[in-house]
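Got some structures for you, see below.
One chain, chain A, links the two complexes that follow: it is found with chain B in the first and with chain C in the second.
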Partner chain A sequence: MELREKAKQLLESGEVKAVIGYEPGTQGARRPAFASSAARTGRLGFEGEQNLASYVTRKEVKRLGRVAVAARPPVLRALLQLMAERQIKEQEVLPLVLDADGQVQELATAQAMEEHLALSPQQIPARDRELMDRLGGMTRQERWDFWQGELSRCIKCYACRNSCPMCYCEHCTMDCNRPQWVPVPSHALGNLEYHMVRAMHLAGRCVECGDCGRACPVGIPIHLLTFNAEESVHAQFGQRAGASSKLDYALSTFRPDDKETFIR
Partner chain B sequence: MADMYQLASASLDPLFAAITASGRRILAPTDQDGRTELNPVTRFGQVAKDYVQTTLSAKEAVFPKVEQLLSYTLLPGKVDLVDAEPAAVPTVVFGIRPCEASGFQALDAVFNWDYRDKFFNARMEQLTVIGMGCTRRDDACFCTSVGGGPGSTRGSDILLTPTASGYLAEVQSDKGRAIVALAAKLFTPAAAADKSMLVALPAAFDQPALSAKLPAMFDSPLWAEQSLRCVGCGACAFVCPTCVCFDIQEEADTRQGRRLRTWDSCGYHMFTLHASGHNPRETQGARWRQRIYHKFSTYPERYGQLGCVGCGKCTRACPVDMNLQEHLVEASQA
Partner chain C sequence: MTEPFEPKITAFVCNWCTYAGADLTGTSRIKYQSNVRVLRLPCTGRIDFMLLAKAFARGADGIIISGCHPNDCHYTSGNYHARRRWMIYRNLMDFMGIDTARITFSWVSAAEGAKWAELVNEVTTGIRAMGPYTEYKQLANAGVE
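For the complex of A and B:
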């Protein structure tokens, strides 16, 4: 059964109020698409880029009711992480995936999602890995210069933050103006502070979909900052964001058996 | 009536040399690792060879993303206030498309509406636009639906149109004539306008009809539907050659401070958030509607021109492909 048939069925039976998938867009692009009636499912497919989990926490989408989501692995990881952070409940979102036989499968529980994810190991794309290795091999000064150069192009449009499934804060620190913690203008300091705060806030929470970097209109590989923070949390604490719906946040969890002695 | 000249392909190098020698800075599309950006150049060889558009618009040349308006120091019993002066340098923007060139008029409408903005005007006075007609287009382009065209001279001091042997140069203004005077022997008078190489682009919707019906469509569910996939970032507004909204920011400590103007976007929920917590544009649908209405209803009503030039930069920059032309066609048919 194809996604469009499944979507039609789910909408007709009233099991979900909308199905979020992808459809053909401009110049060969595959863009997110919302189908809220059976008549609108005709163009839906699984292939596309934006992480659809970024929609399920939005007020406009929550108001629709239960939604089904075409869920590639990064979408599944983001949905699990959102559950771990208690932003969505199992029954609010119905992930749809393709099984090994090319059939659309409903993953109605977190456990089913975790099991499905275990089939496809999480991997940073080769091109990103290459650049991360190159950055890792640089001196601090060289790395600083690299990021200064990249961030000089930033226009602070927040496409990275707004495309990120884990940037769901209704009131982002960047938007906080009483007091104003981070400079709003897109000058050197404003850009640097924004991206440093965001990278730190995603350490241990980034599901490595890379959508922030993809979303950037001026081509800054900004996802490498959150990838790096995430990899470092993985190395230090042995856990990955998006692996389970029951994950304690590494940077705010105390364990009596912590390997560090200073914390006890 | 414009003065028409022929300009040989080989003449662009000496023309760039003459412009640079006159003390003018040249900004032109360049290819930076596959990104088409407007950058300072001195030679024609540095200009990107094959591009439809730059990602960001040339509005940066007159309306930068951050600009200091004033600074102050608190002294015992008084405030020492210093007005900033715009750093306006003589600039030639070369090779931008006719759509974008006409965008300066939409900026002008706001910056000189009920107040003459010192910063914008100082830069505009120093700016000469040498536009380049389009021999290519992509799926985001829709200039012909909003009164423009691949060979439109609106907004260009000189419009170059590629021909088989070089360029047709249509000189529109004194600023354009000043450029011709820098290297008059490169310009040969042309008898006829050869525009055969311009790309064809049929109009996709009836803009006057759309603008006329918008006021009655305010409560249509269409805007909420269209905006469901919008992530509410400011990429569209920031790359737009006509989006003019700005924010004023104060960066200060207890002894000194400075006031800055930065780009802002009506797509942000903060844009209309009141201090009380009430937000008159609470949903992304309301904010998306505002974007369309401001460009296609408010602008014509208030300034007698559109707030959109059909360049398609917003469509190309959007992380979720909010194709503006498609949405306007849909609204036209609704």
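For the complex of A and C:
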């Protein structure tokens, strides 16, 4: 069954109040689309890049009731991570995925989502991998210069924060001015500190969808910072955000035998 | 004539072990270099990663983070949480090009007065050899006339 048919059926039966997917936008781009009635499902599709999970924590979406979401693997991971962080409940979302035969499948439970995810390995895109490896091979000074060059273009629009499905805090550290942790203007120090804070706050929570990098209007590869934090969590603590709806936050748990090499 | 470079070292220490340990260094009359500014916090778990960034921005050339040995935390697990945080933060800083060689993590207990003196001396000598951390400090003044 196709997504449009499925959406129509779900909306007509009242099983969900809205279906979130993608539709054609301007200039050949794909944009997120909300269908709240069967009549509006005609343009829905699976192809699109934005992480739709960032909508399900919004108040205006929660108010609707249960929503179905066209879910590529990063969206599924984000939904599971949101469940692990108790931001959404299993019964509040209905992820729709394509199975191996190209049929739309409903994943009504977290377990079904986890099983579906287990089918395809999690990999960061080759282009990002390559850049990360290149950065890893640089000297510290070269890395500093690279990031200073990139971050000097940051205009602090917070598009990276707003596009992130995991940045749902109502009071973000960036908006607090008592104390003012990070300078507000897009200043060299403030830019560095902002991206440092963002990566640290997403360590162990980043589902590696890369939406922050895509949202950046000046094209800074900022998603690499959260990827780095996420990869060091995976390498050192053996867990990945979005793998399960019952994941403990890596930085609020510990093991007495955590191994590090630098504390004297 | 220019004065020889004297590094500024900021030490974030926990109240229960390292601060008491540093106290013991003093009461034992062990001499050590005076470049260190000690900031006492309740626990290493309280040391927000941003405090390190702030120290560098305010002119620190080196940073010492020290607290209770694993299993000795006054609050049972603060240092375990801190350890996890540093394991991630250190990698991230390195990835962003911040000089992690200027940050020293250590466990110093209340009985290790001699270890504290040794640690401070070692770090101070190391940072003196590295020179001032102007790279980061410059950011704070960038664009300010």
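Keep in mind that, in the parts below, the second predicted complex is superposed on the first by the 253 of 264 C-alpha atoms of A that agree within 3 Å, B and C clash if a C-alpha of one lies under 4 Å from a C-alpha of the other, contacts with A are read in each partner's own complex, and residues count from 1 in each chain.
As a working rule, a residue touches a chain if its C-beta (ideal position, glycine included) is under 8 Å from a C-beta of that chain, and two chains touch if they have at least 3 such contacts.
Quick caveat, the model's predicted, so the values are computed rather than measured.
For the composite obtained by overlaying on chain A, chain B and chain C can both be accommodated side by side without a clash.
Look at A:Phe262: by the touch rule set out above, it reaches chain C but stays clear of chain B. When the two structures are aligned on the shared chain, A:Phe34 is found in touch with chain B, with no touch to chain C. Of the two partner chains placed by superposition, chain B and chain C are both touched by A:His187.
Once the two complexes are overlaid on the shared chain, A:Tyr249 sits clear of chain B and of chain C alike. Contacts of A:Phe46 after superposition: neither chain B nor chain C is touched. In the superposition on chain A, A:Asp145 makes contact with chain C only, while chain B stays out of contact range.
In the superposed model, chain B and chain C sit 90 degrees apart as seen from the Cα centre of chain A, a figure rounded to the nearest 10.
When the two complexes are laid on top of each other via chain A, the two nearest Cα atoms from chain B and chain C are 8 angstrom apart. In the three-chain superposition model, chain A touches both chain B and chain C at residues 187. Against chain A, the residues of chain C that register as touching in their complex are 49-50, 53, 57, 70-71, 77, 80-81, 83-99, 104-107, 119, 135, 139-140, 142-143. On the chain A side of its complex with chain B, the touching residues are 25-27, 29, 31-34, 50, 54-55, 58-61, 153, 155-159, 161-163, 175, 183-187, 190, 211, 214-215, 217-219. Within the complex formed with chain C, the residues of chain A that make contact are 135-136, 140-148, 181, 187-189, 192-193, 195-197, 199-200, 203-204, 224-225, 228-229, 232-233, 236-237, 250-256, 258, 260, 262-264.
On chain B, the positions that touch chain A within their shared complex are 33-35, 37, 55-56, 65-66, 138-140, 224-225, 227-229, 231-235, 237-239, 247, 249, 251, 260, 262-263, 265, 268, 270, 283-285, 315-317, 319-321, 323, 326.
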